[in-house]
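Two complexes come next, and they have one chain in common, chain A, joined by chain B in the first and chain C in the second.
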Partner chain A sequence: MQVFLDQLWIARFALWDGFLLTVQIAAASILFGTLLGGIVGIQLSYAPWWLKLPFRLYVDIMRGTPVLVLILAAFYIPSVAGLSLGPTQAGILALSLFAGAHIGELLRGSLQAIPPGQAEAGRSIGLTFPQLLAYVLLPQAARSALPPWINTGVELIKGSSLLSMIGVGELLLKTQEIIGRNFMTIQFYVFAGILYLAINIVLDQLGKAVERRVGQH
Partner chain B sequence: MDKQQPLLAIRGLTKRFGTVDVLKGVDLDLDRRDVVSIIGSSGSGKTTLLRCVNLLEEYQGGDIVLDGETIGYRSANGRRHRFGDRELSRQRSMTGMVFQSFNLFPHLTAAGNVMLGLRKVLRLPKAEARAVAETWLTRVGLAARADHYPSQLSGGQQQRVAIARALAMNPKLVLLDEVTSALDPELVQEVLNTVKSIADDGATLLIVTHEMRFARDVSSRVVFMEQGRIVEDGPPEQIFGAPKNQRLAAFLRNTRH
Partner chain C sequence: MDYSLHFGAVWASFDKLLSGLAIGLGLAVVAVAIGTLLGLLSAFASVAPYRALRSLAALYVSLVRNLPLLVLVLLAYFALPQTGITLDKYQSFVGALALYSGAYLTEVFRAGLISVPKGVIEAARSIGLTRLQTNVSVVAPIMLRNALPSLGNTFIGMFKDSSIAAAIAVPELTFEARKINVDTFRVIETWTVASGLYIAACVVIAMLLRGLERRFPKF
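Moving on to the complex of A and B:
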């Protein structure tokens, strides 16, 4: 145990950097994914079929592809096209596209679950479509989409570990590097596992707290 | 004011759902302060007619003229074009609608429900919108419930908030579609009394109802709809006392209790 703690102390900066990068990657991906998913969900719910089609295609492709494949694609395809994305950027791109599809789909579900009488009542007082969305539909959809949205965040934290495959120095890669030096395989993997678990428990509790606050009515 | 021109003129309105003709040429005029009740059996097209007037449904033929303005469609080169979102929204704001199932916004308080249109459509400043909302909630007997959410109100209270929400917009015309049929029997009267009192205050109302006694009390005219047509139109004494149409007489026999 003492040996492990000594090694942990030596590795503290590396682990902290990895931990921070994991959180940053997940945060950036959930941010971009939510913006993208907002657009996708609205289009899937209300656009005419020909406009809906490309969004549907995007969502189905993203949801049907393993995240690791998305990450490798985001890393290698742009470089073929002459664009140079760093591994972290490519990773955030892949995870954002993944999150955008999931959030778009769950927003679509939430919007379609709103009784049609809500939109009619909003229209009947004279709200335009954008106003109807902003003040009547999205606030209601956001409530029911919140728990699965948090869950997407958890998926992103876990998914970010796959970025170690393209050399992003997030928590898992840092852990592997440390193990490469001190050979304390089990101890450091367990430690990393505990860190992932901790982030996800915090996220989960955060979600529950927000839900309690907005879910009263 | 032009005495010749009715506030609402519906001319030859036709509406199809798929291949089913639901409205087969409806003509109806309302003057200012008229209270017109529509009665008729289930499926005769009463709700559909109100929804067309509130521009919640598209329709295939005929015109709806509100206060001199043809709403819903414009004609160009002999073809009809549905107005765009902004114009339809503006036209919808001139009529209020109260729904059978209340349709209050669950994420907003009673006052919030009434204020939304005042703020976003009529663009009143917040304090002013709040004052108008409170006036109307007081008017329907719910001053003390202004900050309650719909889930904290009884059905009758929710429907009265919905009436306040519609009337606060100061519409030219208010459409009411069976506003008491989703209510427990003991809550019906409070809502009917509220409707009666806004009628007495001079609002122009087009009411779909199955409450025959109420229709008789409140209406200046009653129309009977049958299979997508208005087949009789007259003062309540005539409709209920001396119906001319066979189907109307049969309908009244079946609904009288």
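Moving on to the complex of A and C:
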């Protein structure tokens, strides 16, 4: 145990950097994913079929492909297309595209669950479509979409661990580097696991608390 | 951008991709089968009248669902040997995926259990079935039927997660695709074909499941 604590102390900065990068990657991905998912969700719910089609295709492709394949594709493809993305940027791109599809789909579910009378009432008092979205539909959809949205955050924290495979120095890769030096395999993997658990359980509890509050109305 | 598409290099190794797909499916089937047993046990534990059992099931679910699968896989493959348990890469991946799917299936079966109408259980008890008989021949079939759609979705999710086996060099689809990618540099073609295969497999599985759901009407 004393040896482990010594090694942990030596590795503290590396682990902290990795932990921070994991959180930053997940935060950036949920931010971009939410912006993208907002557009996708609205298009899937209200666009005419020809406009809906490309969004449907995007969502189905993202949901049918493993996250790891998305990450590897985002890592290798941009370079031949003449874009130079670093591994971290490629990873955030892949996770954002993945999150955008999931958030788009759950927003569509929430929008369609709103009773049609709400939209009719909004229209009949003369709201334009953007006004209807902003003041009537989105606030109601946000309420039911919030708990699964926080869950997407948990998925992104977990998904960010896959970026270790394209050489992004997030928590898991840093852990592997430390293990490569001191061979304390169990101890450091378990320690990394505890850090992931800590972030995710906080998010999970937050989701449950929000769900309880939302459920009261 | 001077990149022209040449799918020939990818088609030349298409059989490798197909065998990779088969390995991925195999891993998912075995893991979800074991995970179903784990999930059933833990779901019954989560509605049991004993507090200790309920907390144990809740602990299992929140522990495993909040850990990245890759961490579980690396623990099973690299860390377990330190305790004297040595598993090969297939066994350790299936073990990790089974544990992971079991946690998700606990929630699936729990929702199924809650959806079984009280009256059915009371009727079974009142014709003299024991608690165990009621659970096995009345509650379980109804619960399984109600949980079938979510069970199917979990299976598709686990099939997609079988890609993570590439991290410990299991030659499944993602691993083979990465190899072709590095060998031929046909980057766009390789990932388009690999992703297309995953999507096709998911669509076929989903269609089979819808068929299964139609054959067994909802209770």
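Quick notes on this structure:
To be clear about the criterion, the second predicted complex is superposed on the first by the 208 of 217 C-alpha atoms of A that agree within 3 Å, B and C clash if a C-alpha of one lies under 4 Å from a C-alpha of the other, contacts with A are read in each partner's own complex, and residues count from 1 in each chain.
To be clear about the criterion, a residue touches a chain if its C-beta (ideal position, glycine included) is under 8 Å from a C-beta of that chain, and two chains touch if they have at least 3 such contacts.
Note that this is a predicted model, so its numbers are computed, not measured.
Aligning the two structures on chain A places chain B and chain C next to each other without any clash.
Using the contact criterion defined above for the overlaid structures, shared-chain residue A:V190 touches chain C, although it does not reach chain B. Between the C-alpha centres of chain B and chain C, as viewed from that of chain A, the superposed structures give an angle of 100°, to the nearest 10. By the touch criterion stated above, A:S96 is placed in contact with neither chain B nor chain C. Judged by the touch definition given at the top, the superposed model places A:V136 against chain B, while chain C stays out of reach. In the superposed model, A:L68 makes contact with chain C only, not with chain B. Counting residues of chain A touched by each partner, chain B versus chain C, the larger count belongs to C. Contacts of A:I201 after superposition on the shared chain: chain C is touched, whereas chain B is not. Residue contacts after overlaying the shared chain place A:D60 against chain C, while chain B stays out of touching range.
By the touch criterion stated above, A:S110 is placed in contact with neither chain B nor chain C. In the superposition on chain A, contact is made by A:A81 with chain C only, not with chain B. Closest contact between chain B and chain C, by C-alpha atoms in the overlaid model: 27 Å.
In the complex of the two chains, the chain B residues touching chain A come out as 54-56, 85-86, 89-90, 92-97, 99, 101, 103-107, 116-117, 120-121, 149-152, 162, 165-166, 169. The touching residues of chain A, counted against chain C in their complex, run 60-61, 64-70, 72-73, 76-77, 79-82, 154, 157-162, 164-165, 172, 176, 179, 185-186, 189-190, 192-193, 196-197, 200-201, 204. For chain C in complex with chain A, the residues that touch the partner chain are 1, 3, 62-63, 65-71, 74-75, 78-79, 82-83, 160-164, 166-167, 174, 177-178, 181, 185, 187-188, 191, 194-195, 198-199, 202-203. Contact residues of chain A toward chain B in the complex are 115, 117-118, 120-129, 131, 135-136, 139-140, 143, 216-217.
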